[in-house]
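Look for chain A in each of the two complexes below; its partner is chain B in the first and chain C in the second.
And now, the complex of A and B:
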């Protein structure tokens, strides 16, 4: 009996952990090309979720809303790059840290003004009737989160390995100057990475909204966890964020079950401190995170 | 093919090039020699756009390119195999080569099929690279990485190629191989600006040479003439 409860906690926690992994993966995408991350990434998740909800309000069918919401995320990612990163990176300054935080704050107040402060439900055609697997209950909605996370990360990894543009992305990550000598524009590659990280943020928003509801603060806890996952896994291992994301998600739900939900945030914090003390480059990572 | 006129460049407050001029005619190999720290690498970086020149002109095939981004200059037909090789370590040997042809290939699909001919040409020139095709470039030996850097530059089918110290840090046998490769490229009609510490070997393979000292050209001429110049002999060819 006890075992089944533990299994249940692990499974539901792990599925949530995949969302942390997806957002952390977005951090990796931009860090690899430009050694920078968007500190307002949580607002991208939230704004994309609100925009997608608005598309539904306007009567868009669910399966049309998804690409619409994702496209919105890409546009936001590109906007952040243009407004917050481009100049700072050109001048080799660390100004992007402050700029992306400010852009995030702007996004937050914009959301409050446009959509209000209340949390709103996000309708979905995917069922949340539990199905039983060996005594553990899982909903199709939860399964859709896993499918969404793995298919998007899989597609982006395929893109990086199988297309020439993807190889150019890897080349810029490996050696920006040498990539430029091949005729690859580093500026455009950084844009591409921010577009992709916006895509990933929007996907995270669309996947969690039906479970958590949509509101201006919906992503604030999520983003901290994603950040912990990125730091613990290292900022260069896509495989690592999935493992750490699942681990953290499972650990959190076990903690809140046995110690009470007030302790839910504790594992992420402890993991982060441990990782910074023991393996500052991440358990799976090689790249330095000193600058972040 | 490549004309450099009165080039000034440096790193912030430290001015390195103070009016360097040189020319590489089509189908010629031109050597740029000089002591360590003379500014040879800086010259190449200022030509290829890795470094923005402060003053002066760089003409590629008659068109001014100075001040443009390195990626744009590369797309216009200049391939720079930089000092220290700078291969893409995590990527495979073949991916490194494919990226050399980046500006001529489709970005998504069919790029491999389109480049088979050029890949074969490079593999014929460097059979070792064929064996190491799928190996991560970072795990190759220094000599192999240099072959890869040259092969990657050739993949662009460039109008002009810049080759900076290809023999740096290599065993004498491998250095010989590098110079043999350059001779073969010369037979194929390559247009090349070559920087080398082994000044004597560099002069042997080149059609013309410049001697650089503290950011300026202080002597130039056919290799045979420079080899007679006592000053040059004493300073660089001792």
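And now, the complex of A and C:
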């Protein structure tokens, strides 16, 4: 009996963990092209989710809401790149850290005032009636999260490998200067990566909202875990985020079961600090050699 | 000199006296509360400026240290019955220890990773304060009573003066610290961690010390905060406060005590600014005006990028337009902070104080403090008569990168007093060999002996054994002046312990370091540029400055990694003459160089590397005639072709 409970915790935690993995994947996209991440990514998730909810409120059908929300995420990602990243990257400074934090705060405040401070339910046509697998109950909704995460990540990886634009993306990730000399615009590629990471954030928002509800505070709750996943896995391993995401999600759900929900964020945070201390490039990351 | 002292110290004293006198003139508890908050935030921001300004890292844990310090003080009063001073000491200690502990993992991290580590620490401490209900009372909050101070109970006015005294003490101590070797080391660390280690300054302890001290100040401010408000809640110390604190530091101006003070006034006044509608509208209009003026001026003079000029105008414009439509500004406070901070970070990155300082020094024509006369070179770099015995021995040294055998079994003996040339075609392993000797890379195999003793591992430790180096790709501390670049590496001058430095009793060694550094600058013909920051020197002068900085380590063995690369011919002559003069002082030199004329003129022995192996060794003339060397540089010529050439 006890074992069933633990298995249940692990499975539903792991499915949530996939959402963290998806957001962390968004960090990897931008980190690979520009060595920068959007500290306000959580706000992107939240704003896209709210926007999608508004589309539904306006009477848009579900199949139209999804692309609408994703497009909104792309636009936000591009806006962050323009306002917060481009100048700092040109000047090779780390001013973008502060600027993306600031833009996130602006987004948070806007959401608080436009959509209110309360959590709101997010309607979905997918059923949340539990199905039993060996005593562990899983809802179709949770399965839809897994499908959504894997299909989006798979599509983006396919795009990076099979299309010319995607190859340019990989080229800039490998060596920015060499790519520029070959006639690839690094600025446009960074834009592309921020657009994609906005898309990924919006997808995460649309996937997770039916389970968790939508509210301004979802931003900070999600982003800390996504940071943990990204750092523990390493900022260059797409496979790593999925593994670590599943692990962390399960760990978090067990922690909140045994220690109380207030502590649920603690293991992720401790893991993050430990990972930075022991393996700054992440468990699945490659070590870099200092050159002088 | 006198004018400088009068103006700068005078301004400090006048402001302090004014602040202290205000409660005597106005008896208003509201004003008193604001002033107390100002003093507390002043301490807090001075602490934050150490990491954000001097170490140049985005620190998101400072609000957490404020909270931890506050709870530590509050609990040591309620649980342990401590008096005020001992409770504050507990606060500081908590900040110092936790700051030190956090700095250890955060130690190796730069930029985003550092920000992430501090962010998670911050979230973690909020979780603990919230959830450890038995101790902290959790979300219910904690009531703190203001304890007695040396047997007296303290009223609000007395407490304000106490806070002011703490602010003044912190101000003095930090001024002493930051203008000492410590402050220079913090800044050196920001500009080039590699060179900081290579110069034996130590990134490790300075980063930990800087972060721990900054955090201790944050916690001290937390203790005062607890006794001021007498009620604590975990929610007070979250992310939003952190952003406001960063706003204070950035708007006030980084790397400046006055900047921290102005930032603190702003942070203390902000809530009032938002609650008074008219005041808010006036200030946002003024902000828009300032952004417009600065932006248009910058665009006309082409000193700023279009984005830098336009974005603040848009942000402030949004603030003004927003202020007309929004009913309750309190609801939008986060957005308002965000827009202000955005404008400042983009449009005025040096902050108000950086801007004002430039303006004021021009207005009053304040000269920088005068420099002491240069020391005699013999006292700085005493001439030695080397015995010619083996100094550095490499036995079968190897360094592989994956499958690449960059250095593949190199054995070299460098004799003391020699100038030992190390040449070879590009990619032959010269720089890697030097990087292994100086400790940047650990060797894959082999032995390295200095005076017959094995070299320690790590750049910092190697630098301490008396090996000093320059870098092929310059690694100067670009924001520091030429003089400071040399001073920061100066060996054997700074001995005063930290407490003496904090009390300002270590000025003597500062003067000595200055005159010693000037002597070295004179050696490389840079004395007249002592006050110019390294990034503004010409390329040739930057190369020479690196040599002076390496000499400040008073090395037995000096490694010059392609010092003539990219130099114009007159500079090459200067360099050759410079190396002779260093050689005359008995310093052993390893010279990596491509200019064969320089090598021929200077070197006693030349070792030639190719493909990670030694292919020839001998005098420059011998080496030049060696067929293997000719082959490595020019390739082989078969007999038929060579016959054609000779015909």
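The definition used in the following text is that the second predicted complex is superposed on the first by the 286 of 292 C-alpha atoms of A that agree within 3 Å, B and C clash if a C-alpha of one lies under 4 Å from a C-alpha of the other, contacts with A are read in each partner's own complex, and residues count from 1 in each chain.
Here is the rule we use: contacts are C-beta pairs under 8 Å (C-beta built on N, C-alpha and C of every residue); 3 or more make two chains touch, one makes a residue touch a chain.
Because the structure is predicted, anything quoted here is derived from the model rather than measured.
Trainee: I'd like to know which partner A:64 touches here: chain B for first, chain C for second, both or neither.
Mentor: Neither chain B nor chain C is touched by A:64.
Trainee: Using the superposition on chain A described above, determine whether A:164 touches chain B (first), chain C (second), both, or neither.
Mentor: Only chain B; A:164 stays clear of chain C.
Trainee: Is A:95 contacted by the first partner chain B, the second partner chain C, both or neither?
Mentor: Second partner only, chain C.
Trainee: Tell me which touches more residues of chain A here: chain C or chain B.
Mentor: It is C that touches the greater number of chain A residues.
Trainee: Which holds for A:273: it touches chain B only (first), chain C only (second), both, or neither?
Mentor: second
Trainee: Is A:131 contacted by the first partner chain B, the second partner chain C, both or neither?
Mentor: neither
Trainee: Who does A:147 touch here: chain B (first), chain C (second), both, or neither?
Mentor: In the superposed model, A:147 contacts neither chain B nor chain C.
Trainee: After lining up the shared chain so the two structures overlap, which partner does A:265 touch, if you call chain B first and chain C second: first, second, both or neither?
Mentor: So A:265 only meets chain C here.
Trainee: Which residues would you name on chain A as touching chain B in one complex and chain C in the other?
Mentor: On chain A, the chain B and chain C contacts do not overlap at all.
Trainee: Spell out the part of chain A that touches chain C in their complex, as residue ranges.
Mentor: These residues of chain A touch chain C: 36-37, 39, 83, 86-87, 90, 94-95, 97-99, 101-103, 105-106, 108-110, 112-113, 220, 224, 227-228, 231, 260, 262-263, 265-266, 268-270, 272-274, 276-277, 280, 289-290, 292.
Trainee: Give the list of chain A residues in touch with chain B in this complex.
Mentor: Per the touch definition, chain A meets chain B at residues 163-165, 167-168, 170-171, 174-175, 177-187.
Trainee: Which residues of chain C touch chain A once you look at their complex with the stated criterion?
Mentor: For chain C paired with chain A, touching residues are 56, 58, 102, 104-109, 111-113, 115-117, 119-121, 123-124, 127, 130-131, 194, 239-240, 243, 246, 250, 305, 307-308, 311, 331-339, 341-342, 345-346, 349, 401, 435, 440-441, 471-473, 475.
Trainee: Going by the contact rule at the top, pick out the chain B residues touching chain A in the complex.
Mentor: 48-50, 69-72, 74-75, 79-80, 82, 86-91, 95, 98-100, 102-103, 105-109, 111, 152, 156
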